[in-house]
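Both complexes below contain chain A, partnered by chain B and then by chain C.
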Partner chain A sequence: MIIAVASGKGGTGKTTVSVNLALAFNQKEKLQFIDCDVEEPNAHIFVKPVFDSPETVSIPVPEINEGKCTYCGRCKEICVYNALAVLKENVLVFPELCHGCGGCAYFCPQEAIAEVPRGIGVMEKGTAKGSAFDIDFLHGRLTPGEAMSPPLINAVKNEIDSRKVAIIDAPPGTSCPVVAAVKESDFCLLVTEPTPFGLNDLDLAVQMLKKLDIPAGVIINRSDIGTNCVEDYCKQEGIPVLMHIPWDRELAELYAKGEAVVLHSAKWRDLFEKIWMRIFEVFDSEQLKTEKKEVDAG
Partner chain B sequence: MKEITVISGKGGTGKTSFTGSFAALSANAVFTDCDVDAANLSLIMRPVLQETHEFKASRTAFIQEDECIRCGLCRKLCRFGAISDAFRIDPLSCEGCGVCYHACPAEAITFEETVSGQWFISNTPYGPLVHARLGIAEENSGKLVTLVRNRVKEIARDENRSFILTDGPPGIGCPVIASLAGASAALVVTEPTLSGVHDMERVLDVCRYFKVSALVCINRCDLDEENTRKIEKYCQNRSVPVVGKVPFDKVVTEAMVEGLPVVEYSDGTVSRKIKEIWAEILKNT
Partner chain C sequence: MKIAICSEGAGFDSAVDQRFGRCFHFVLVDSNGEKLEEISNPSLGASGGAGVQTAQFIADKGVDVVLAGNIGPKALATLNACNIKVYTGISGTVADALSQYQQDKLTLVTNSTVSQHFGLRGGGGGGRRGGNF
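Moving on, here comes the complex of A and B:
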């Protein structure tokens, strides 16, 4: 079972929710934690895993064999990303624009293009073990200056064992990096705040999940600062609100120091264990719905 | 003409609340919201919509079932896993590279331009705002950001405006780079949390990579004074000016609920501090 934690708006508490959920996981088996916010990964600050050595993640980019090239311009024609420019007796490659589709190399009539790996970031694996938790931790770190996070997100997600429970910490927003992170999850927790910005971006995230056909539950963070707008929206959309987290100075201060609240407070541990139960409930009822749909269709 | 881009690395540090307030304090400026997949600036700038345009930047491949000879070449060549065993293309996985379209021996694949968002020009009490909405789950946010920034530059030129204020997205990836490249300066809004510090360091690396000078301001500075000092020290060591510190106050959210920049909603400490930051920005750019 893969559970993604996403938000639309940034800074609503995705990482707080995902790490505390992970550390409050009280089943026998190991939990996998995958930080897919490869632009700004933060979960390791709280989970404190011991990492193995990092692996470079690359995408294939073209390398021109000038000896074979006839400057026919076919590669430039094929490339929709403008990563190649063909001059009279020279081909310029802009590797930072290349998406690694392989079109230029495949269609080159002279077989003058080879593909070489170009590192865009690293993947780091580690483990975090405490008296009450046992976590396989994994994250990606995009190299500053690199534009494309989805290939790194996909590389990190390839390591997931889908037979076990995995939590994915997604990046903010609703565009391609978020889609890459949450795609193929069984359930998505949307963390929001009850403000106009929170609601606007929650709605975008809900629409995105509808498109991806992933069931959702909402957690309202800083639930006492703002209005009822998110509550009303969830009622109207029929999305379960799984938890309210009121603004709490202790929680904010622990977060600031990189500490997970469930390791410091039995009350909070209890609350996050309850969310697991709610997730399993919602997940089971969604499974039933799907099975019923299949029976009806069949 | 100066262009200041407001970024943060970490989301939710207060970029948009600050940008809205700077807009209210500015004179002869134009504005853009470059957080195109979760745009919020318009919610506190009382925009009156003037123009709506479609954003077309990508093409999506589609297999016409009755033409397909099921040879499997497209599936073999697709690097993005977008083509199913039943020879259907998942538009969410399709990267729009067109390799399948060019390669298909039966010419069974179409490759049409798709609308992947909209962009708008609005009037606000503070000046024109160019904003956008990327379609849900769409790609090419960087291209939409570039389009929006080019349009706002044209408006600035035509109307003789001296200042462009850009609200950037979180992160360090493609839309951030598109928002930042070529700007006169970046204002990094951070917060004194370990996550905030970590993310600020990475986004400052991006500024350095693209040779954009950076300024830093610290929001909710009273949340953890030790981390606030850590940020100040880090910035000092790298000669990045810290242009202000703003304490935590619920008034920022109250102003947002009213749909107003906080400097127009309250005369309290937060507003005073934001005004000081704006004065420092003008001095430093």
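Moving on, here comes the complex of A and C:
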């Protein structure tokens, strides 16, 4: 089972929710935590895993065999990212523009293009152990200045162990990196705040999940500010609100120290354990719906 | 010899365009300053790599000299690889740019004069008609 934690808006509390959820999971050794916010991974600050040595993650970029090349220009026609320039007696490759699709090598009539790896970041794996938890922790770190995070996100997600429950901490927004992070999840928790800004971006995230056909539940953070707009929206859209997180001094103080609140407060631990129950309830009812659809269709 | 001048429109009276990769037009002239051709830039709206694509386009046109406001690193690398000379610092109209070149008032560049993505930000004096950034 894969649970993604996402939000349209940034800074709503995705990492707070995902790390506390992970640390409140009551089946020891059955949890993987995957931080897919590879541009700014930070869940490790709260989960505190011990990492093994990092592995480089690369994308394939073209290397031209000038001996075989006839300068026909097929490769630059294929490349929509303009990563190749074919001149009279010269081919220039701009690796930083290359998305690693392999089209140039595939279509080269002379087989003059080899694909060579170019590192875009690293993946780090580790384990976080405490008296009540034992978490497989993974994250990606994109090299600053790199434009494309999805290949790194996909590499980290390839490590998902289907026998475990995986929590994915997604980047904010609704574009390619978020789609890469949440796709193939069984359930997505959307963290938002009850403000017009929060609602606007929540709606974008909901639309994205509809396209990906992933069931969602909403967590309203800073629930004692703003208006009822998010509640009303969720009612209208039929999306369950799984939790309200009010402003709380204890939570904020622990957060500021890089500590997860569930490890220090029984009250918060109970609340996050309850979310797990709600997630399983919603997940089961979605499963039933899918099965019913299949029966009806059959 | 073929000279390409970055411009906002066709003709000698058009203002020069400070951008290269995302400039609107090129006015091509011969060494006597006679107009050969006016072409609009097909790479104006490229999502990325406009400099590379435009440089490739100019190279394919058989151009020997480019007169530009500014030039980015990838475009310059591509033009240099074809031995195309790039002069920067043009201002005013296309006719002005041509006389600046003929009077040797421009700078022959070997290092790019702006960082990548310059043209996406509207390009200095080139007007704010480039892509939104």
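Basically, the second predicted complex is superposed on the first by the 296 of 298 C-alpha atoms of A that agree within 3 Å, B and C clash if a C-alpha of one lies under 4 Å from a C-alpha of the other, contacts with A are read in each partner's own complex, and residues count from 1 in each chain.
Just so we're on the same page, a residue touches a chain if its C-beta (ideal position, glycine included) is under 8 Å from a C-beta of that chain, and two chains touch if they have at least 3 such contacts.
All values derive from a computational prediction rather than experimental measurement.
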item: Which of chain B and chain C A:76 touches, first, second, both or neither; value: second
item: Of chain C and chain B, partner touching more chain A residues; value: B
item: Contacts of A:163 with chain B and chain C, given as first, second, both or neither; value: neither
item: Contacts of A:28 with chain B and chain C, given as first, second, both or neither; value: neither
item: Which of chain B and chain C A:92 touches, first, second, both or neither; value: second
item: First (chain B), second (chain C), both or neither touched by A:39; value: first
item: Which of chain B and chain C A:267 touches, first, second, both or neither; value: neither
item: Intersection of chain A interface sets (partners chain B, chain C); value: 80-81
item: Complex contacts: residues of chain A adjacent to chain C; value: 76, 80-88, 90, 92, 94, 97
item: Chain A partner contacts - residues on chain B that touch it in the complex; value: 8-13, 16, 35-38, 40, 43-44, 58-59, 77, 79-80, 92-93, 95-99, 102-103, 134, 136-139, 141-142, 169-177, 191-195, 198-199, 202-203, 205-206, 209-210, 223-224, 227, 250, 253, 256-257, 259
item: Complex contacts: residues of chain C adjacent to chain A; value: 43, 46-50, 52-53, 55-56, 59, 74, 77-78, 81-82
item: Complex contact set, residues of chain A against chain B; value: 7-12, 15, 37, 39-40, 42, 45, 78, 80-81, 99-103, 106-107, 142, 144-149, 171-179, 183, 195-197, 200-201, 204, 207-208, 211-212, 225-227, 252-253, 255-258
